[in-house]
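Remarks on the structure that follows.
Order as written gives the chain letters A, B, C and D; numbering starts at 1 within each chain.
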Amino acid sequence: MSENHQHLTNEQVKDIDENIAWAKINNDVLNSMKNPRKGYWVALVLSALLFGVMIYAEVYQYRNGMGETLLNTSHMWDLYISSFVFWIGMSHSGTLLSAILHLVHADWRKPIYRFAEAMTTFSLLTAGLFPVIHLGRVWNFYWVMPYMSDRGIWPNFRSPLIWDAFAITSYLTSSVLFLYIGMIPDLAICRDNTTGWRKTLYTFLSLGWRGDDRQWRHFRFTYLMIACFLIPLAVSVHSIVSMDFAMAIMPGWHVTTFPPYFVAGALYSGCAAIITLFVLLRYFFKFEEYMTMPILDKVCKLTFVIAMVWTYLNLIEFSAVWYGHDIPSKEVLIAKATGPYSIFFWGMMFFGSVLPFSLLSKAVRRNMKIMFFISIFLNVGMFLERWMIVTPTLSMGYHPQGFNVMWPGWVEWAMVGGSFGWFGLLFLVFVKVFPCVSMYEVKEMVYHRKRTTYADVDEMMELHSGVPGPEAQTQQSGGA
Amino acid sequence: MSKTKIDRRNFLKVLGLGSAGAALAGCDMPSYVTSDEGKENIYSYLAPEEYVIPGIGVWYASTCQQCPASCGVHGRVREGRVLKLEGNPDASVNKGKICQMGQAAIQGHFHPERIENPLINGQKATWDEALALVAKKSGGAAWLTGAMSGHQRVLIDAHRTAGGNARHYAVEVVNARPWEDASLATLGDANPNLHIDKARAVLAVGADFLGTWGNPVKSMRDYGNFRSAPRGVLMSIEPAMSMTGANSDIWVTARPGSEAAVLMGVGHILTTKHGVSVADMPSAALAFADMTPTKVLGLSDVKEEQLAKIADTLMANSPSLILANANHDTAKVAQVLNMMLGNVGQTLTPSAAITAEALLPVTGSSKDLVEFAMDAKAGKISSVFISGTNPVFLAPSKLDMAGALAKVGFKVAIADFHDETTTACDVVLPASSALEAWGTHVPVDGSDAGEVYIQQPLMENVHANTRGLGDILLAVAKGAGVDGLAEFEDYYGYLRTAVSALIGSDLEGDWNSILQKGKAVTAVNHSNFNAGGDVALGFSEPAAKAGTLTLITSARQGLFDGRHANLPWLQEAPDQISKAVWDSWAEIHPKTAAKIGAKDGDYITITSANGSITTRVFIYKGIHQDAISVPMGRGHTNYGLYAKNGVNPLSLLDASSGDRQTTELLNSGVSVTVKPTGDNRHLVRLMDVDSQHGRKLAATITADQFDRNQGGA
Amino acid sequence: MPSLLGNVFKGWSDYSKGIEQGGNQKYEHMFSMSIDLDKCTGCNACSTACYAENNLAWVGEYKFASRQSMHWMRIERYFDEPDVGSSDPESLDRGASFLPMMCQQCNAAPCEPVCPVAATYHTVDALNAQVYNRCIGSRYCANNCPFRVRYFNFYDNAPTAWPAPMDQGLNPDLSVRSKGVMEKCTFCIQRIRGANETAKREGRELKDGDIVTACQQTCPTSAIVFGDLLDKTSEISKIWKRQQVKLGTYKQEKENKDLRGYRIFEELNIEPKVLYLERVREV
Amino acid sequence: MSGPAKTIQPKTKRVLGLFGDFDQAFEVIADIRHYKVPGITVEDVTLKSPIEHPEIEEVLGERTCHIPKWSFAGGAFGFCFGFFFLASAQANFLAQPQGGKPIITIPSNIVLAYEMLILFGVLVTLTGFILGARLMRKPSGLYDTAISIDQIGIVIEVGDDEFQPLKDVFTKHNVIEVHEEALT
């Protein structure tokens, strides 16, 4: 294997070390699913505890009434809706990474798209909790579904909340199916290498996958088709989530740039989450070969670009309100910047727009610890952004009687914190039951990297290091 | 059915096959309300009482006893329970309207903390034991009640004459005594008939006729016409903004206690600038002459152009009406101005009391409260009946009412609720609420309608073992050996004969029409003013010098004088001016707040010579800079679960000083010192904002715009 | 299934008309209100009458401080007079301005289209109906109401607000709302339905004055007028016509600019149906 | 170029050849394509591989895949069904005039129909995938776990006499293992 000399190794140029043995890929990933180490159990217990806190808070709120959340006549929504938007935002990066980059043949996504796709599904499942727990009468949440009730009563299809229900159910179904279909070949591999209950599970789940060319051909088309369906779906889901606010007449909410602003915010917070999970999985499962630095580089650059798009749309909204004549909206904007919530507003601006510039420096992108904390703070910035959309508008509004400042109580914080526990629980279970790196995709990536012959690999090497690298064999025989 | 498409609304009709539509408001039945001829015989679970048809509300007439004004009400009764009170259109006092205290009477009626059984020294007893004890020990007892009228007063007087003519103390801290005494002195008629709706301008000096003065609902009804086109001008002079002040076109704030001087200043301008003659009252003319505007400015901080503006408005809009209740001197000046401006006879007409003097109302005052405490301490009172008032709460701490009561040998309380006074009494007789007892009341409104309002029970007793005030008085009077009552075994019988005697016919039909109308109309004897004598006008130098704070105890139409502090609806009804709920507050001017270093929501300790209270600050510009106003009504120590919070400003007042002629507590401005305590908690208010933030919410147009389009209605 | 699709095509032209094209609503009545701010003294009798008539729960100091109170009608008090300005900055020399505020029963109500379960809709009498047993408490309608006059049952207030025997005073004509349900002024719908039934029983049309809302009934200065705008002879129609205020526009063109009638937040194109008459002061 | 006329042989055996080197496997198929092995055409060849090879088309020749048709059908059905389902629901829920909005609100129906398009598109594509790829069928015998690791398998059904020439071609291209199974 190429030792670590000062100029770039193959891996830096070709994103992955092209002569990893395919059997090693299988074994690494299969091992990641077996023998959970102590760290895993600690994480599992922590997540379960956190989720327990959420359960306690929900039971407490269910029995004592919604007032325990300190919501009031002006602030009918607060952290529940903003964390609902936050979790929906987190889910869009999975789609971005797996569907969009698949269409543009950005192969570097292959090792990391599986856990990104899993993150989509689980953050959707987490997001799905909030529209239910924020209801006053939780036990009637199913009235939102369009079923043929014998009293001839339908939900109100004009309401953005119904659009939410439609959008999230179709998004959840399609992203679960996308994750599952993408995993069928891997499940076949698992079926072949496991015993006991896992074998029966994977045999059933892999739907009799045998690697025939017919199956692969249909798989490629299906994956492409569903990817094509998922991309507009992801954009439309978060546009619809933004329409919860854009369709209202409240100052600071009925802003026409909300749909793209929310979609950009969603992709942004999703990429930040991908970086976080990238660093965690790389650390816990020792996936250094698969989750290589160039891939992290590319994800960080992608995050930076989307951060700038988001910042641009943010500034568009501020300037549109500032130069517009709508006095109440202007008051809300000024109150955001100078009023009681100003510390969170400026927090959002710093974490959301200033912090991403740190991603430009190569040294930062190389350092795993820094990257972990940066990605956490980026997401903190995005959570603040959702909160700063919901609460300041409700604390101002049109009628002076509605002016008041509300701070969330312990019930809301418990629910929001607990939702991370629920997400962690789902993710930890997933990692142990299903392969979190797509084996066949990594093989494809290695296979293609071996095929690609950079005519100018040598100049690339010199360019990077200034010292003529060893003559890279351009052609190598098939996997040993 | 031939109709192709049955929509939802007719579907129910078709289902019902006829007139039995399942309407929300109750089942269908013939228009007139008698069960025997109805097309549909719908029987309730038991043999129904008369007129009790499930689902159909029946209205009975009665009289509201939430304040001394005695408005006529209709009570809506469904399935034997009174649900809502509304004004009685036939009652000439309020003509179908009532205030928020009237609306909240339902809560007092169904209150969980009602006294249910007679108590002797706190122990449960039966009625016979209690009445026997009372008969034995209450010989020659005095009576301490609120404003009392009608046949209840007759029984009290009968009991007093039988027992050696002890005194009847009538205690109403919120009263119109200065206005009544001044009217008696100047016009010879204590309750002249006021016609606010005919006036083109009204000047109210400390007489909050839209809030708690006189007959608020009657005044508000007249104010409604007063404001219709051609629109009258309302002016008021007061240290702190009251309900009348809040609705004034011209609101002038004067230093507390200087109202008389300001009114004389107005008189001065009327006589000098407008040449209004005061020929027949030389001493008044003299007083007006030397009350120059600069002198007024020194006494009350009211500038000359404000006085001129008031005087010009009075001249430009006649007939006008000047009402004053700040203190005795002011009220006299007001009556003199009324005579000068020719209002007497136009907006002030002679009152016509009913011929049956015995039923006339005894209007209460705080003078009786002070004198009761003095007499009790002097040992002149051996035993006392207390009903409809809470002297221990109302009396200033200096008066030590609890100590005075301790000196009285035998004390009997007739009350609905436990309060500070019933705990000090030996025997407590549980009275039924006003909505479940009989009674008659004569309103204090000076009109010539000659009406005696009937208070009839709107439902059975909520608590079986309580008795109406009338029944208790009847039993006590019998116990004291009053003759001529033996034949009546309950107050209803007594009333039946008394009212029949009043209207001169005891036909069943007349009695039923009286009950339906809620009033009996009797003869009145018309009188007219014997004005004309000279009137000596004086004013007292305000005790507090400029810069020192004077405490004002303001009364608001809600908790009134504290009697409604245990009604949650009124505790939660935001105060009309400060919009605060469930707690007391002290109103001060922003400059005063800056001076004492207090900001919104700070707690301050207000100390006078007689005690101190600590409450939160409410800062606004509707008050004089040397005044601090704390509303009355809260600060109970023992009045149930809902009346726990707030402070009682009455405790700080000085019982001795008061007004020169009378000792009206509310007018005795006591000077206080104020110091912030340092802690701060947001004052719970309906509105945290006082401004409309540029939105067009409560817009205003000028009066001449209004007149230009004939008021635009 | 035929009727399912049949309705679509048969009613298409009618169903797809919004309020701009005259709407798809055939109103039987158009109940509306007018409040004369010059007569209103801010005495709060109407608000307490509303408590008694509509089973409103009082919530106590702590919940009132957390602004979770349930008063359908509130009397707002303002001290600033932007239109006429104050002559003495140090004193309120023209008193205060009072504004009774309750649901304006908007004809293009922003709260209706956003309710996910259609718990609020516009009835044929042009009232903004709030169906308590259909509401699931998503509270979007209250967020979208510019007047902030929708109140949410954050708690089950019944046990604290009506301790026995106070619950005997509840009005049986309408429900006591449970926890988790939105409620608001309904223009005393139980009185409207009662008057409808009486009129139907007596075989006559509903005439002006049959329906008297609780606030209108108790207002001592008769500042509140209620009636049916479609009935041209009614008092309320006369007031709207005299003030030259028309429904269907978000900016009124009045020939006489001094007329006092105006609607609050009319410019949001929500068609509020409570006409306020401006307060008058000598200047 | 017409191959030599051959009699239709009854297929009696199924043969699986495992190759470590993908290029060798591709050469085997190239030989078959050029009729080097009598009686076997490229249509009978089934290629089993651990990864998805875009090069399969050049090697195996064009083979049909109807997934796009499924997706289009699913999407179109979803959109129409969504729109008319919602419109008729609104048309039948008459007590629904709200906020001055029409009963059948076109924009909101289009938004929801768009969501239905995607939902049904994905579901129908999935059914098309399961049917097209004959997934949930009883597994046919010949399979080797090595295929799921890094080896390519070629499966051909042959008659008795075609078996030997096929094995020669396999060994020529250094096959690792050959499995066979009788056709039942």
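Descriptive notes on the structure:
Simple rule for what comes next: a residue touches a chain if its C-beta (ideal position, glycine included) is under 8 Å from a C-beta of that chain, and two chains touch if they have at least 3 such contacts.
Model, not experiment: these values are computed from the prediction.
Summed over C-beta pairs in contact, the chain pair with the top total is B-C. Of all the chains, the one whose CA centre sits at the greatest distance from that of chain D is B. Of all chains shown, C has the CA centroid lying nearest to the centroid of every protein CA atom.
Per-chain Cα centroids separate chain A from chain B by 67 Å.
Our note on geometry: chain A versus chain C, Cα centroid distance of 45 Å, whole angstroms. If you average the Cα atoms of chain C and of chain D, the two centres end up 64 Å apart. Put simply, the C-alpha centre of chain B and that of chain C have 31 angstrom between them.
Touching of two or more other chains is recorded for residues 69, 74, 76, 110, 113-115, 118, 265, 270 of chain C.
Residue positions of chain D touching 2 or more other chains: 89-90, 92-93, 95-96, 98-99, 101, 105. With touch defined as above, residues shared between interfaces to two or more other chains in chain A number as follows: 153-154, 156, 158, 162, 398-399, 401, 404. Here chain B touches chain C in the complex through residues 19, 21, 23-26, 28-29, 31, 78-79, 81-87, 94, 96-100, 102-104, 106-107, 109-112, 210-211, 216-217, 220-221, 223-224, 227-228, 231, 233, 241, 243, 245-253, 313, 462, 557-558, 568-574, 576-577, 579, 581-583, 589, 591, 620-622, 645, 682, 684, 686-687, 690-692, 694-706, 708-709, 712-713, going by the rule given at the top.
Chain D meets chain A in the complex at residues 20-23, 46-54, 56, 60, 63, 65, 67-68, 71, 75, 85-86, 89-90, 92-93, 96, 98-99, 101, 105, 108-109, 111-112, 114-116, 118-119, 121-123, 125-126, 128-130, 132-140, 143, 145, 147-150, 153, 155. Listed in rising order, the residues of chain C touching chain B in the complex are 36-39, 41-45, 47-49, 51-53, 58-61, 64-65, 69, 71, 74-84, 90-99, 161, 163-173, 190, 193-194, 196-198, 200-202, 214, 217-223, 239, 242-243, 256, 258-262, 264-265, 276-283.
Against chain C, the residues of chain A that register as touching in their complex are 64-67, 70-74, 76-77, 131, 134-138, 140-141, 143-144, 153-156, 158-162, 165, 244, 247-250, 394, 397-399, 401-402, 404. Partner chain A is touched in their complex by these residues of chain B: 686-689, 691-695, 697.
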